[in-house]
Structures are given as C-alpha cells and as structure tokens.
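There are structures below to look over.
First subunit A sits with subunit B, and in the next complex the same chain sits with subunit C.
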Partner chain A sequence: MLVIENLHAGYGPIAVLHGVSLHVDEGEIVTLIGANGAGKSTTLRTISRLIPAASGTILYKNENITRCKAHEIARRGIAHVPEGRGIFGNLTVIENLLLATFANRTRSMTSPVINELFDMFPLLGDRRRQLASTLSGGEQQILAIARAFAADADFFIMDEPSMGLSPILVKNVFSIIADINRRGKTILLVEQNAIMALKYSNRAYVLENGRIAAEGRSEDITANEELKKAYLG
Partner chain B sequence: MIVQQALNALQLGSIYALIALGYSMVYGVLRLINFAHGDIFMIGSYAALFLAVYLNMPIALILPLAFCAVGLLGVTIERLAYRPLRTAPRASAVITALGVGLFLETITLAVVGPEPKKFPALIDLNIITIGAFTATNIQIIIIAVSIALMTALDRLIAKTKTGMAMRALSWDKTYAPLFGINVDKIISFTFAIGAGLAAVAGIFVGLAYPIIDPYMGIIVGWKAFVSAVIGGIGNVKGAVVGGFLLGAVEILSAAFLPSTYKDMIVFGLLLIILLFRPSGLFGVPVQKKV
Partner chain C sequence: MGLLLVAGFAAAFVCDTFNLADQYLAQIIMYIGINVILTVSLNLVNGYMGEFSVGHAAFMAVGAYAASFFSVSVFPQNPAFFPLSLFAGGICAAFLGFMIAVPAFRARDDYLAIITLALIMITKSVLENLPWFGGPQGYHGIQKYTNLSGVYLCTIASIMVIRNIVYSNFGRGIIAVRDDEVAANLVSVDTKQVKILAFVISSFFAGIAGGLFAHLIQFINPRTFSILKSTDILLMLYLGGSGTIIGSILGAAIWTVLIEALRFLGIWRFVFAPVALVMLMIYRPLGIMGGREWRLFIPKENDHGRKK
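Then we have the complex of A and B:
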C-alpha cells in the first residue's frame, strides 16, 4: 500500500534521513522504532509532505505521491496523527471532526456519520460542544485519532500516540489502534513505548541515525537479544 | 438630535467596522498587520467612481463588482507581496505591507491626479421623517447593508467548513494541511473577503462624505486598525464592536468638543483600553499550544 524507496529528507541544510526504504502492506500495523532523534517523526512528516523529500520516492496505492502537496496527500486518504496531536484548541470537539472532512469532500458529516464516531469514541460525544483545548491529554489524543477517522482515511500514520499518557490511557489508546485496524485501516506507528507497539504490530523497522538498521516480524524483533538491549531497554 | 447623532455614529461605525474586519481576519490567519489595507479601501472608492462615471453603472451593480474586483486585488497583493515572505520574520512582511500601501497611493496619484474628486450621487438623497425622527435613506442603506454583510460573515465563519478552516489556521498553520485544508486557498479567500469589505466601505464613504482623494485611506485606515486592536485583533466580533465604538466616540466628541480634538480622543481611547486590556476587548491573551 505504501512503498518508500531510498528516501532522503531533512530540514533545509540539515540532512536527517539518509536513504530510508520501507513498505507497509494493506491491513498491516507496522511499527517504526528507534532512539530519540533517529528521524522517526521526520519520516512521517516526509510521507505526509509536511517537509519535502530531497530525493527518493514514496508510492501510495501504486501512485507516486512524492511531489504532492500536503493537503492533496490528506485527500488521497493518508491521515497523519502528528506528534503532540495537532488539534485545534480554539475549535470545539465536533468542529475538529467536521474540519477533518475537508480531506474527503464526498463525505459530508451527516448525523449518522457523527453518531458512528461518537459510538466509537463515546467520551468525545459527551464533550462535543467543548473547546478542544479544554480536553485532557488523553482526550486530545483520542480526538486526534477520531479526526483521522472522520476524514475516512485508509492509511493512518501515528506519531507517538501514547506520549504523555498514564499507563491506563496508553492501554486504551493501543486498544483503539487495534480496533481501527480491525475496521480495515492500515497503520504505520511510531512509538517510544516499543514493547507495547511491537505487541500490537505485525512488522517493525528499527531506525538508526536516519537509516533502517533492522526490520522483521514484530515477534522476531522482540525476541532478538541484541536489538532488545539496544532499543527495548 | 440624539437620534440623528446615533445614526451618524452607526454610519461611521459601520464603515470603520467593515474595514477593521479585513485587518483582523488577515491578522488571524497570517499574524500579519496588512498596512496596505487602508489603501485598498481607497482603491474601492475609486473603483466605484470609475464604474459609475465611465460605465454608468447603478449602485446595485457597483457594490458586487467593486467587491469582487478589489477582492481580487487583495488576493493578488497577498500572492505577489506577502506569500514569498510567509516564513520570513514578521517585521519584513510588515515593511512590505507599508510599501504596498505607498505603491497603491502613488499609482492612484499617477492615474487620477492629486486633486480630490467628487463622488457621484449614486443614490438620490431622501430625507425620511417619522414623527420627530429624521434620517436619510443613504444612512439607512449604509447601516443596513453593513449589518447584513457582517451577519453573513459571522455565519460564514461560524458555520461553514471554510470558516472553520480560517479559525483553525489562526490556531495553527503547520498541521492544517494534514486535514486536507489548502492553506494557500484559505488565505487567498481571507484576503478576498477582507479587501471586498474594504471596497464596500470605500463606496459607503463616497456616498456619505462625497469627496475622495488618493490619501483618504491613511487616516481612515488607521482608525479602522485602531478599531480592530481595541476589539482584539484577530477577533471578528471584536473588530465590529471596535468599529462601532470608535464611530460613537468620534461623533460624540465632534458634537461636544472642537473638531480638532476628535482624533486625539480616538487615539487616546486606544491607549487607555490597551493599558487595561492589552489584548483588546475580545482578545484572548496569547497563550497558545506548547
């Protein structure tokens, strides 16, 4: 579904990614792990075109999207749930969800769609008229995920969705991720919480200084003593 | 007498509010004070004069046409002058805005000359008397059309996806494209609406005070800017309240004090309000995301 080949990217003169190649098949959950500063967020930002690729190609559903603009990529069905969530604090919960439908013009947020979303995320239903900035961290994360759902994306890229959440909320977020996957969504996940992420994902890549250092099935990565020492604490 | 002055205040306030909206909306999406905005208002006046005198158009055509033409001018200015500076320090963009304003003034000067022009009487003046209450039809039209436009804008911002996107941009521009928002398009749209409303204000000034000149945008632009700041720049309701407040203060001071005091009082009011509410009446103190 997503194929990245030899991707180079960075911030102006600062090169961060030095030839990253990876692929995600339809229906998979794939985890990208790596130390702080390895370039995980940069990889995701390049996919959603928040930053441009210096070279390399990104294919999505067999189409080259490397040069698409960020809003066009969103409209093709890739939803990036960014690090720090990126919700609009001056809009209400329901407005944040409505806004996400910009990504999909054919889908109007009629009440059945909204109700389905609030069935999935009941907590948001109770807070629908509240400003998003007044939500707790966990609620904001759920809103950020729900928003990707409202956009009716097929492919979710999630940057550290468990960041800053209490252990119980982390579990909650991971079960939401599993649920989304069961509903047919493909997911590329970046996580600090590598053990948990590997438990929930099919395959994983290890990123080291802007290069893929290892890849494999999640249980193999978990079982690999060397990798375990280096990345899983 | 009191009713008369109240209508004068509402009329002047409508004009300030229409212009203040453009300052405030552009600031909301770009964090830019578009100092060319007063001159865009002046261009609106001349555009209407041109349509009336050379093309013999009636007011009902002039209003929408000038709105669109000047709206397009606003979009062009953003595209050519501000967009290349979007990531540059805000000071560079503000200086560019001042430059664009001077450019609009000098080009108008070159085309129409420095002498003031008589704005055509697009509406036959009628005095409406109901009991002790008198008003002119022009006053009523200006106030009514302004309020209708402001209401429409308020609905647009509150209820449509485009309006939501405008509000979202004022919170955060980096992530907005992730939700399919075409940031450039929303910014263009904001400039179009802001400039269009300023053009309408330019026409209303021509109707109410029918002498126009290429420098008319400077002082009116400043006062509209003051209105936006008093209301809380970036806040649409604030711009409207600020505009009407300024109109009222100006008419009141002109009624009771020598006319030379008027502008001093207006700008004094700005200083006093900012002293007590640095973010304006409706502004939220800056405390955005981490």
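Then we have the complex of A and C:
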C-alpha cells in the first residue's frame, strides 16, 4: 500500500534520513522503532510532507506522492496523528471531528455518521460540546485518533500515540488502534513504548542513524537478543 | 430576532426620510456602525485566525478612495448608484488584500504585521502623490450619501456574513489554522488558501467601511488613514475581546462613544484613553467579553461548547 524507496530527508542543511526504504502492506500494523534521533518521526513527517523529501520516492496505492502538498496527501486518505496530538483547542469535540471532512465532499458528517463515531469512542460522546482544550491528555489522544478515523482515511500514521499517558490509558489507546486495524485500516506506528507496540504490530523496522538497521516480523524482533538489548531495554 | 432587525431598519429609514434624528446623534451612530464593520472584519484575521494584521487602515483607505472615485467620476451623481460605488470600493480593497496576502502568507506569522505596516505607509504615500485624487489636500466633492439606513444595512450584513463564516466549515478551518497550522494541514485543510481567502474577505469589509466613511464626512485625505486609524481598530478589537463577534461589536460601540463623551477633556482624552486601555489589559486581559460569545450568535445545532 505504501512503498518508500531510498528516502533522503532532513531539516534544512541537516540530513536525517540517509536512504530509508520500507513498505507497508494493506491491513498491516507496522512499527518503527529506534533510539532518539534515529529518524522515526522524520520518516513519518516526510510521508505526510510536513517536510520535503530531498530524494527518493514515496508510492501510495501505486501513485507517486513524493511531491504532493501536505493537505493533498491528507485528501488522498493518509491520516497523520501527529506527536502531541494536534487537536484544535478552540473548537469543540464535535467540530474537531467535522474538520476531518474539511475537503471531503463525498463524505458528509451527517448525524448517523457522527453517532457511529461516538459509539466507537464513547468517551468523546459525553464531551461532544466541550472545547477540546478542556479534555484530558488521554481524551485528546483518543479525539485525535477519532478525527483521523472520521476522515475515512485508509492509512494511519501515528506518532507516539502513548506519549504522556498513564499505563492504563496506554492500553486503552492500543486497543483502539487494534480495533481500527480490525476495521480494515492500515497503520504505520512510531512508539517509544516499543514492547507494547511490537505486541500489537505485525512487522517492525529498526531505524538507526537514518537507515534501516533491521526488519522483520514483530515476534522475531522481540525474540532477537541483540536488538532487545539495544532497543527494548 | 428577525422582527427586531426589520424594526431597526424601519426606524433608521424613517429617521432618514423625515430627518428625525438629531444630526450629532445620527453621526455618532453611523460612526459606531462603521467601526463595528471594521472591527468585526479585522476580528476574522486577528481574532479567529490568530494572525496579526495592522493593515486595516490601508484597506479602508482604498475602499474610501475607490468608492469616492466611482461615485464622483464614474456614476451619475445620484444616491441610487451609491451601493454600486460602495461595492466597487470593497472589491478594490479585497483585490489589494489579495495582492498582499499571497506574498505575506508565504512568510511566517509576525511578518504579516511588518508587511501590513509597510502597506499602510505605502498606501498613504501613493495617495499623497496621485494628483487626480487631490494629493495631500484630500479628495473633495464627495456627496453625503451615507445615511442611517445604509450604515444599518451594511453593519448587519457584515456581522451576519462574518458570523456565518466563523461557524461554517471554512470557519472551522480558520480556527484550526490559529490553533495548530501543521495539524490543520494534516486534516486536509489547505491552510494557505484558507488564510488568503479570510484575509481577502476581511479586506473587502474594510473597504466597504471606508466607502461609508468617505460618504459620511464628505472629505478624505491620506492622513486620515495613517497607522493611528489601524491602532484605533485594533484597540476596539482587543477592548471587546478578540475571537468573539459580540466582543467586536461592544468594543467598537464603547470606544466610539467613550472618545466622544470625553471630548470635554480636550487633548487630554488621548491620555485618558490609553490609560484606560492599560487598566483593561491588566484587569481583563481577554477584553470585555473575555472570550465569551453571545448565545444568539452561536448556531443551535453546533454549540461552540462552554458547557463547563
């Protein structure tokens, strides 16, 4: 579904990615793990074009999206849930969800669609008319995921969904991710909490200094003593 | 509510036709209306979108000069053509807004303030040096076409348009740009397009206000539209509280009345007013309304929250 070949990218003169190649197949959950500064978030940001690729190609559903603008990529059905959630605090919960279809004229947010969302995320239903800035951290994370889901995206990019959440909420967020995956969505995940992420994902890539150092099925990565020592603590 | 609006228009219309209202009082009311248009439209950019533009005086100037040009030189001298002249002034201001917005939003936030500041100065110099607009002596021969009902209609229309924008899909895009531009991009909002369009709409209404203003005082010169004019509009916006419609209306009305009421202080009112503003910023930093919107402005099906 998503194929990245020999991707180079960075911030201005500072190169971060030195030829990353990876692929995500339809229906998979794929995790990127690696040390701080290895280029995990940079990879995600390059896919959704928050930063431009210096060279290399990104194919999504066999189309080259390397040169698309960020909002165009979102309109193609790639939903990026950014690090720090990126919810809109001055809008209500329901308005945050409505924004998901900002450019999507084919899918309108009728009340049945919204009610279905609130069935899926009951926590948000109780808070639908509240400003998003008044939600707790966990609720904001769930709102960010719900918004991506509301956009009817096929491909989810999630950057540190468990960041700053209590252990019980981390579990909650991961079960939501698994639930979304069961509904046919493909997910590319970056997680600090690698053990948890590997438990839920099918495959994983290990990033090291902007290159793919290892890849494999999540069980194999978890079982690999060397990788375990280096990345999983 | 609709009935009340119609009654308001009827009252304004009757006052106009039979010359009922006291001249001075009518003048103040019209100033209030014009200032409400200016403040509400600036609110779209500075309040809802969270950018900082100081260029409203320039758009007002372009609207004023263009509308005057159309009513004096293009159309026959007849009040029936006044709406057309006004509209033409608005379009000219909107066009200038577009010319400014395209390069300005390529740069990041604070640059908009600098670019619009430059715009005010450039507009003033250009108007001073264009001979066919009277240069520094000002534009003469403008008829008094602005009346209570005209101002009333324009004010209500601009409030309604801005209010409907703010609660529309496009308006949510504007607020998303303020809250988190990157995240707005990620939910498919074309932030550049949203910013430019909002800025153009805001400029259009500033142009309309300028046209009304010119045909009220019947004499405009470039000095009228200096940085001080922009400062006034900014003051009214932050006095009422940016980011709410009712705040803009209250801010504009209170400031206009206050400045008039303090006329007996002479030059000292320009000392009093800033001091009052400093006090306001200390004791009520979010403005009079403190970010709260009047219930009537919030659409029922889409309550903007505040169920604290």
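Assume the second predicted complex is superposed on the first by the 232 of 233 C-alpha atoms of A that agree within 3 Å, B and C clash if a C-alpha of one lies under 4 Å from a C-alpha of the other, contacts with A are read in each partner's own complex, and residues count from 1 in each chain.
Note that contacts are C-beta pairs under 8 Å (C-beta built on N, C-alpha and C of every residue); 3 or more make two chains touch, one makes a residue touch a chain.
The model shown is predicted, which means the values in this text are computed figures rather than measured ones.
Once subunit A is used to superpose the two complexes, subunit B occupies space that clashes with subunit C. By the touch criterion defined above, A:65 reaches neither subunit B nor subunit C. Applying the stated contact rule after C-alpha superposition, one finds that A:75 touches each of subunit B and subunit C. In the superposition on chain A, contact of A:176 is made with neither subunit B nor subunit C. Once the two complexes are overlaid on the shared chain, A:212 sits clear of subunit B and of subunit C alike. Contacts of A:187 after superposition on the shared chain: neither subunit B nor subunit C is touched. With both structures placed on the common chain, the touch criterion links A:94 to subunit C but leaves subunit B unconnected. In the superposition on chain A, contact of A:130 is made with subunit C only, not with subunit B. The contact surfaces that subunit B and subunit C form on subunit A in the two complexes overlap at residues 48, 50, 69-71, 74-75, 79-80, 82, 86, 88-91, 95, 98-100, 102-104, 147, 151.
Those residues of subunit A whose C-beta lies close enough to touch subunit C in the complex are 48, 50, 69-71, 74-75, 79-80, 82, 85-92, 94-95, 98-100, 102-104, 129-131, 134, 147, 151. The part of subunit B that touches subunit A in the complex is made up of residues 161, 164-165, 167-168, 170-172, 174-175, 177-183, 288-290. Every residue of subunit C that touches subunit A in the complex is listed here, in rising order: 169, 172-173, 175-176, 178-180, 182-191, 243, 302-308. The part of subunit A that touches subunit B in the complex is made up of residues 48-50, 69-71, 74-75, 79-80, 82, 84, 86, 88-91, 95, 98-104, 147, 151.
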